[in-house]
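Here's the structure we're looking at; comments come further down.
Order of writing sets the chain letters: A, B, C, D, E and F. Residues in each chain are counted from 1.
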Amino acid sequence: MTREERYEHGLKVLREIDGEAGQKVVDSLADISPELGNQVVSWAFGDIYARPGLPPRDRQLVTLGMLTALGGCEPQLEVHINAALNVGLSPAEIVEALLHSAVYCGMPRALNATFVAKKVFAERDLLPVVT
Amino acid sequence: MTREERYEHGLKVLREIDGEAGQKVVDSLADISPELGNQVVSWAFGDIYARPGLPPRDRQLVTLGMLTALGGCEPQLEVHINAALNVGLSPAEIVEALLHSAVYCGMPRALNATFVAKKVFAERDLLPVVT
Amino acid sequence: MTREERYEHGLKVLREIDGEAGQKVVDSLADISPELGNQVVSWAFGDIYARPGLPPRDRQLVTLGMLTALGGCEPQLEVHINAALNVGLSPAEIVEALLHSAVYCGMPRALNATFVAKKVFAERDLLPVVT
Amino acid sequence: MTREERYEHGLKVLREIDGEAGQKVVDSLADISPELGNQVVSWAFGDIYARPGLPPRDRQLVTLGMLTALGGCEPQLEVHINAALNVGLSPAEIVEALLHSAVYCGMPRALNATFVAKKVFAERDLLPVVT
Amino acid sequence: MTREERYEHGLKVLREIDGEAGQKVVDSLADISPELGNQVVSWAFGDIYARPGLPPRDRQLVTLGMLTALGGCEPQLEVHINAALNVGLSPAEIVEALLHSAVYCGMPRALNATFVAKKVFAERDLLPVVT
Amino acid sequence: MTREERYEHGLKVLREIDGEAGQKVVDSLADISPELGNQVVSWAFGDIYARPGLPPRDRQLVTLGMLTALGGCEPQLEVHINAALNVGLSPAEIVEALLHSAVYCGMPRALNATFVAKKVFAERDLLPVVT
């Protein structure tokens, strides 16, 4: 695969999972670090996300756990809560995953992530969440 | 104790320590994750904070240390610097605890937490802090 | 539900998911912090894990993501990689989830978690992992 | 104050709080980074710990919170759980502070810190802890 | 050296490296924690930065790595990306260092730091970065 | 470039920088996650490390900063303190970089990293470090 083909392949996977939000991140890197944008597309999505060993819904569950635990990743949580909805997780499942995170990361991380979910769900007219 | 009694008990403790700020966090969870609000109240405050083994002032010292170290917990620091004042820590003691944090967490975490204290103290008309 | 019933319920869930490893952690807390053991059982497993909103396999995917991201949680990763196997994740899926973690946590966290998986899989005679 | 006086002053404070354990850390730095040892003594203990604004018992409560939250600081937790005992915190209070940490840092950090306490208390013949 | 001389020395180093931004941080601490400001100046810059063992450019490379890895240190990253430019790192070298950070900290930390660089470079009219 | 050429290229860079230690990490992944080993080689070293925009010595300064800040990365610090020596950083410069880290990460992270350096320098007969 050429460098261009690898990029195109990654971009297709990125769009399927992250939708417009992923493309916007890559675009906003164009004048500061196009190579970081290239690595997000070609490596993260083209090489890793595209692998068949774990379906997209499972990858987003792992990703929500990681971003919640890391802290300070609210912009990425916003992208990936959208992505989680895009790949088939329901609002109630996402909220439950973030409640679960309180056990391992503590209340502050769980609260911060849940308020990002509230913002995303409000934008997509998904509130209130019925569990 | 029934589930309702546990919640009422936790809410009483939450109000004594966090005041209005704690109630606001719980209220803002109502349409996204009422169960997370329930766990903050019933578990964190009803089960853990309410235990007699460590007085409220000591719990806030530990809590300030943890929130400063975790990073990215500015909203929770705001609540708990208020809580620290509510349970009897003086502004000078809080500032000293955050200075102490520089030894273990480094300057950036100590600075970020101190600027949250500045915001809280300004709102409560407690500036300048005289040490 | 009484305190005892809540504990018994949590213990049942803990055993289903973590098996003997979870029980060992609780036992080793008996002389230092029996209440922490009680909270692991009654709260983490009885209240949170037992909720029907997210199946056990999904909870372990979120948990593997969090423990990998937190760092320094090798003992808990060992318990939960075992738990992941117990609830139906295959060795190849676990390995893929940890590969995926490199995108969000970086190579050191992904490597450390993968070497814990190697230890667990060796003990359960699951090596080599075929993907 | 000369550099030597500042060091002697810090060493006195270090010994009062950390006891032999603190001295050992400084000694083990002698052939690799004597200046880091000097900064631990002169700055951390001489400049910060020695300040009168927060008593030693309060400083250890903050410190236990920070070291638990940071993760991967088991060697420092060992020193500071000893220090906490040295400055008047009871085993039961230390254990309660670490239970409290579960609310903010999650169960893995609380467990890891509690097992360090178990090691220290065993060495000082303080088990079982009666709460 | 007197306390005043130590402070003046540190202030000189701070201004050489951080420029106005460092002074602003110290000024904004005046009414909340002047001692934290004093420690930033006298200890961090006067004692540590001023040491001859590592040139300023090298110190900023280490610092960019730490601030990116810690997360939640966007205000400090802003100061230190400015500082990195002040001590001779080119925009392209800074961007490359942050791309490199993706390997060790993962994409979210690398992205967050790179967007701080974009803000700083825009203010200093250094966009687009040509690599 | 074919997948095989990309791997061979990365392996060459890995060996130049990490020496035998890097190869050992990759080898130990063979039966658990050969793809993670492939990504370390082909992506981290072949794609990122190999870029000309930042020389190897600079990359190790950034890397030491990140690994110290992350915490819990002692195995990776061991590899990269060796790598730092391999690419031309002197023991005294490495020790100074880790002293510098105390300002941003606090004493525990600085101490843990310095004790890893002590282990590596002892193995390479580089103690005591003369500054």
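Structural remarks
Definition applied: contacts are C-beta pairs under 8 Å (C-beta built on N, C-alpha and C of every residue); 3 or more make two chains touch, one makes a residue touch a chain.
The UniProt protein names, listed by chain, are A, B, C, D, E, F = 4-carboxymuconolactone decarboxylase.
Given the structure is predicted, the values throughout are model-derived calculations rather than measurements.
Set against the Cα centre of chain B, the chain with the most distant centre is F.
Superposition on CA atoms relates chain D and chain E by a rotation of 180 degrees, given as a multiple of 5.
A count of contacting C-beta pairs for B-C and for B-D identifies B-D as the more extensively joined pair. Averaging C-alpha coordinates per chain places the centre of chain D 30 Å away from that of chain F. Averaging C-alpha coordinates per chain places the centre of chain E 23 Å away from that of chain F. Each of the following residues of chain C touches two or more other chains: 35, 39, 43-44, 48, 51, 67, 70-72, 76, 95, 99, 102-109, 131. Against chain A, the residues of chain F that register as touching in their complex are 35, 39, 43, 47-48, 51.
For chain D in complex with chain B, the residues that touch the partner chain are 43-44, 48-49, 51, 53-54, 58-59, 61-70, 76, 92-93, 95-97, 99-105, 131. For chain A in complex with chain D, the residues that touch the partner chain are 102-109. On chain F, the positions that touch chain D within their shared complex are 71-72, 95, 98-99, 102, 106-112, 114-115, 117-118, 121, 127-129, 131. The touching residues of chain F, counted against chain C in their complex, run 25, 28-36, 39-40, 44, 67, 70-73, 75-76.
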